[in-house]
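The data blocks that follow each hold one structure.
What follows is a pair of complexes built around chain A, which joins chain B in one and chain C in the other.
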Partner chain A sequence: MKLTKRALMTGAAMALGLAATGPALAQDKTKVGFVYVGPVGDGGWTYEHDKGRQAVEEHFGDKVETVFVESVPEGPDSERVMTQMALDGADLIFTTSFGYMDPTINVAKKFPDVKFEHATGYKTADNVSVYSARFYEGRAVQGTIAGHMTESNVIGYIGSYPIPEVIRGINSAYIHAKKVNPDVQFKIVWAFTWFDPAKEADAAKVLIEQGADVILQHTDSTAPQAAAQEAGNVITFGQASDMAEYGPKPRVSSIIDNWAPYYIARTQAVMDGTWTSTNTWDGIGPGMVGIGEISDAVPAEVKAEALALKDALASGEYHAFTGPLKKQDGSDWLAEGETADDGTLAGMNFYVEGIEGDIPQ
Partner chain B sequence: MDLSAINPVLLIASLMVAATAVMIAAIGELIVERAGVLNLGVEGMMITGAICGFAVAVQTGSPTAGFIAAAAGGAALSMLFAFLTQFALANQVASGLALTLFGLGLSALLGQGYQGIKPPSTPRLDIPVLSDLPWVGRIVFGHDLMVYFGLALVAATWAFLKYARAGLVLRAVGENHDAAHALGYKVVRIRVLAIAFGGAMAGLGGAYISLVRVPQWTEGMTAGIGWIALALVVFASWKPWRVLLGAYLFGGVTVLQLNLQAAGIAIPVEYLSMSPYIITIVVLVIMSADKSRAPASLGRIFHATH
Partner chain C sequence: MLRLEKRRQPSRAFAWATPVLAVVATMIFGGLLFAALGKDPLVAIRTIFWDPLFGQHAFYYRPQLLVKGGPLILIAIGLSLGFRAGIWNIGAEGQYILGAICGAGVGLAFYPMEGWFIFPLMVIAGALGGLVWAMIPGLLKVKFGTNEILVSLMLVYVAEQLLASVSLGLLKNPQGFGFPGSRNLQQYDSAHNAELIAGTGMHWGVAAAFIAVIFAYILLTRHQLGYHIRLTGEAPRAARFAGVSPTRLVLFCLGISGACAGLAGMFEVSGPAGQVTIDFNTGYGFTAIIVAFLGRLHPVGILLAGLLMALTYIGGEIAQSGLGLPAAAIQMFQGMLLFFLLAVDVLTGYRLRLGGATKEGEAA
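Now for the complex of A and B:
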């Protein structure tokens, strides 16, 4: 519903804009489109992508024109929005949610001259690049803090959809929580939405009622933070954005996505005509994943340990998935000292040993 | 599987909270539709109420003032719809959809600067002794006032439609506006009042989400609850008690499925996730197998030609 209207309004606005300025002027600028899964004011995932878009505008000034459509549902609706953007003359389109993967590929086939960039997916084409961040490195830091901080030894995890990106995060957080606290248990709830504050809050409340005193979330709004604050003695981590307004407690740290440098570089490449299809997957080291300020609610020695882990991940001397590790069913996955390859990580569809429950298929 | 992790008292208490917003909004829409007007703008009025209530509650520090502002905001927005449909005789479906779109945009604009702020907390009812009773205390006496307001609203709406003279007139307008007009009733005035009431209730429902259930302001935070309220009215065959039942079923199964997931029950999550919608629809469809039907003038434009 929201989509239809936004699309219509944007379409109408674009039509007006074109009528007013004429096509000649539009050609001077590089036009960059962004498709968002939530509202730009979600305070999390989409908020950070939009900050990246604003950085592009700021960096290139008059040489660039950006457009965006927010709250676009994953699936066929998104295909319509992308098609509209391409028809309206976009040179480069960023599609910023996993569920836009097939629609992006479909639309890219129809517009070979338009460059597409799909976030967090794995399907590429001559004019489709994929990019993502190694959020699981940040999850390792979160898991370490969570394992130390929990008193009930129950950590609640709000998942969005059972896709590799989310499962990697759960595994990474679990491995590192378990490392510092062998008694730790994960309770996982799948919300089957990226953005629904009321549902996310309900999920957080349910987990807290069932004994969790740490809530990790992989959904986009700040609602779980608010629910944890209301409940009292619970800690959380900012997801995708710093969510500093909920610090120093419940929010004790965060994973911050920093898309701006990537968006600027790719826009520059389109301007220079040097754009090629690439597969980018950057972590803490290159700065695509940031770790938000660890608040004073965390004891100093835990903070120091978390920061040391962060540095080790950044320099590459430690990999978040280092053996010995077994899969949930008890079969061997990584031998002592072995690290996971990107192919396995990109398609991860299993829990590591110790996590209870099944991944919805 | 560990069912003991689920605390039934907390489960029932939280289902009442989860059901309240959709229930209040649905009752408002029920009155509107019984007056023969189809207002698809519930979602827009809810989100407008959510931000009006949130902003005023933050500014004044009083949740009560927030709820009043939310009702006023929702009603004010609904007057736009009333003007379009009752005076400009515009199509109700199109006007209602436009109202939702407008409300979503307006609320995002009004909400600038309110992200990440904590609203004053709405106190729970706390009666000495009674609220401390095991089981009953938390379920019956342990809620914020809006939960009781929602229940009272259902009872009052039922009594109003069934026993009050004004309720009879309202229904007459909804069933046959030409006959009601011939009898000398002010069809347009009655409908405008009904629309205002519907807007106010949608606003309250929205504010319940932003002030109690979540509690925070995020753009688009109603995320489709207004549409659920609309569907609930139809499936409840325009009867207040069935709206209550539907809302509790929907809220209950929503909370229950999250609880079951967290407790690690071995039911595939996909089925759990769709269960609130399916169970609510199935139960209400079975119940509406009797002769209940929509108000006869629902959605039709009235123009007094004489």
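Now for the complex of A and C:
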């Protein structure tokens, strides 16, 4: 009995080893897996990642096979899904939510020959890269438009989770709204979800009732757009995806995550055998962050100003966090002309001066 | 014409046959659904039910059945005791969260000290956390006659807010660059609920689930308290005459189900999950309600139902990535399972009759 058991275990271990090394030799198609936190039809975050996946299929045609699993909870379930993809012969796996960080690292240890790409995290390994987009650059453009457009001077902001990525967005939007409209005030509601149309709609309604006539969202569904449309006279911005179906009003512009070029480049690197572990954080310049068409609801001069800002961010001549800037508590952060370093931005856990309220702790 | 006729006695044979019938019906209608989505139904059903057990990578999936099924079974066993007595704890999800927070909190309080006593303390804290959370609806019910269904359910949302709060504050990893979430307990040996034998999926939570099955079985068949529970469920008036104290029974049933859910949360956070995070809870507490009923509130039935449920989750994921089935189709498939169980359940108490009414039928 003992012997059989041991034999079984050895067999399992061998199979695991084989599966880990097998794919590169056994097949000529490169298999790319995607793990999604939401449904592919969310119209936002996951929708755009899936568009990236489709772009990979289109670009490489028969040379590539893609697979995906949607609505995967963060935690042990995601670890199992990744393992399963690796066992089934995936050569490259994109894990597209922050909460997949530790599971990705765990699975990557077991499959040293499979390449992993984790979105928005900070832990890398020999076979794990991280990638994210400088969404805050897009927020600067949004903030500029929002500051000009608001008549009540109250701008509502639907936050998902109080993590650095979201706080960066709030700060960037606030700084640029304030720049064009010193009377502007931000009201922030935390939804504690990335995707929950009912909660997001409620958050939008609360903000509108509190006088907000501009709604910015860092959640993934189109529910806030619908709520704004219903309320009338409120403008919104598409998040993660263009959400053009709500244009020209309430949706006046958007931040679009464009993962396709990155996914194609990384797949190519795996095919060529040139893939290495990297840390990518791209913005408007390289095209990872796109600004959706600014609609006619926005006056021409505001549109021109927003586009000029977009170009300056793209070329790198202007940084979205340029001093003088103070923290919320009044202490100095950046001196005149100084720009924020990536380390501070990556771990940002404070509001800039002028934003009211506390970051939930 | 088809008619339903009430049985004098619930059919024992059907009580056992309905879960099997429900699974078969789910396979048939699920197969039709998959066919409508343009997939080969036989391949889809095989992928979901066969591949995790006997497919190429079964060596990996079989242990995962235990990992996924363990918490479901442990929670469902606790719930089933109350359900049998007509005490409805719907808030196991919240008690699961509290167990995880308390268990992990105790472990993290000792960080980075190593010691054999840390893990047992975490187990106790986890059970207590769940128990105390379940005592809120319990005490409110016995003192003020509130509805335990509503109160326990509402406390799930409170627990979720508490979870978000500790993930962002009290238990946040100081070395986590400001990101929410606690330290990873998998990297803290004294607090890590590791596999007892590597590669088997067997961790303390799974062991606890098996122990709970045995205890529940003995309690219900051999112990007076188990008799009281069954009696209260089947004939509440008779139970009162027999001297069963409803107050004690409510507190016991809610307490034990809360403690079981708390334990499940604690074993999960210190083992497979590793971290307290905002999204730590993934619905085990609610799915366990389905498992409890699928298992006919019987300990052995729950054991099998928990494993079956785990199978549909794992097989469903394989079907998603392997066959490109949408997640919603898999969820519908799981929903069908409960639907058919409840639908077929009618056969336990009623019998199908063809043709005109008999005298007996008219009387019924």
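To be clear about the criterion, the second predicted complex is superposed on the first by the 335 of 361 C-alpha atoms of A that agree within 3 Å, B and C clash if a C-alpha of one lies under 4 Å from a C-alpha of the other, contacts with A are read in each partner's own complex, and residues count from 1 in each chain.
Note that contacts are C-beta pairs under 8 Å (C-beta built on N, C-alpha and C of every residue); 3 or more make two chains touch, one makes a residue touch a chain.
Note that the structure is predicted; figures quoted are calculated from it, not measured.
In the model built by aligning both structures on chain A, chain B clashes with chain C. Within the superposed three-chain model, A:S331 lies out of touch with both chain B and chain C [touch as defined at top].
Applying the stated contact rule after C-alpha superposition, one finds that A:P360 touches each of chain B and chain C.
Once the two complexes are overlaid on the shared chain, A:P39 sits against chain B and chain C alike. In the superposition on chain A, contact of A:T274 is made with neither chain B nor chain C. By the touch criterion defined above, A:F192 lies against chain B and chain C together after alignment on the C-alpha atoms of chain A. Looking at the shared chain after the overlay, A:A223 reaches chain B, while chain C stays out of its contact range.
When both complexes are overlaid on chain A, the residue A:D88 reaches chain C alone and has no touch with chain B.
When the shared chain is aligned, chain B comes close enough to touch A:K205, but chain C does not. In the superposition on chain A, contact is made by A:P76 with chain C only, not with chain B. Comparing the listed stretches 56-64, 92-100, 146-154 or 200-208 of chain C against chain B after superposition, the clashing one is 146-154. Once the two complexes are overlaid on chain A, the chain A residues touched by chain B in the first and by chain C in the second are 9, 39-40, 71, 162, 192, 360-361.
On chain A, the positions that touch chain B within their shared complex are 1-2, 5, 9, 38-43, 71, 156, 162, 187-190, 192-193, 195-199, 201-203, 205-207, 209-211, 221-223, 225-227, 229-230, 243, 245-246, 356-358, 360-361. Within the complex formed with chain A, the residues of chain C that make contact are 57, 59-61, 64, 67-68, 160-161, 164-165, 168-169, 177-181, 184, 186, 199, 268, 272-275, 277-280, 282-283, 313-314, 317-318, 320-322, 324, 326-328. Residues 5-7, 10, 14, 18, 21, 43, 97, 100-101, 104, 108, 111-112, 115-118, 121, 209, 213-216, 218-225, 227, 254-255, 258-259, 261-264, 266, 268-270, 273 of chain B touch chain A in their complex.
Looking at the complex, you find that chain A touches chain C at residues 8-9, 11-13, 15-16, 19, 33, 39-40, 67-77, 79-81, 83-85, 87-88, 98-99, 102, 106, 122, 161-164, 192, 346-349, 360-361.
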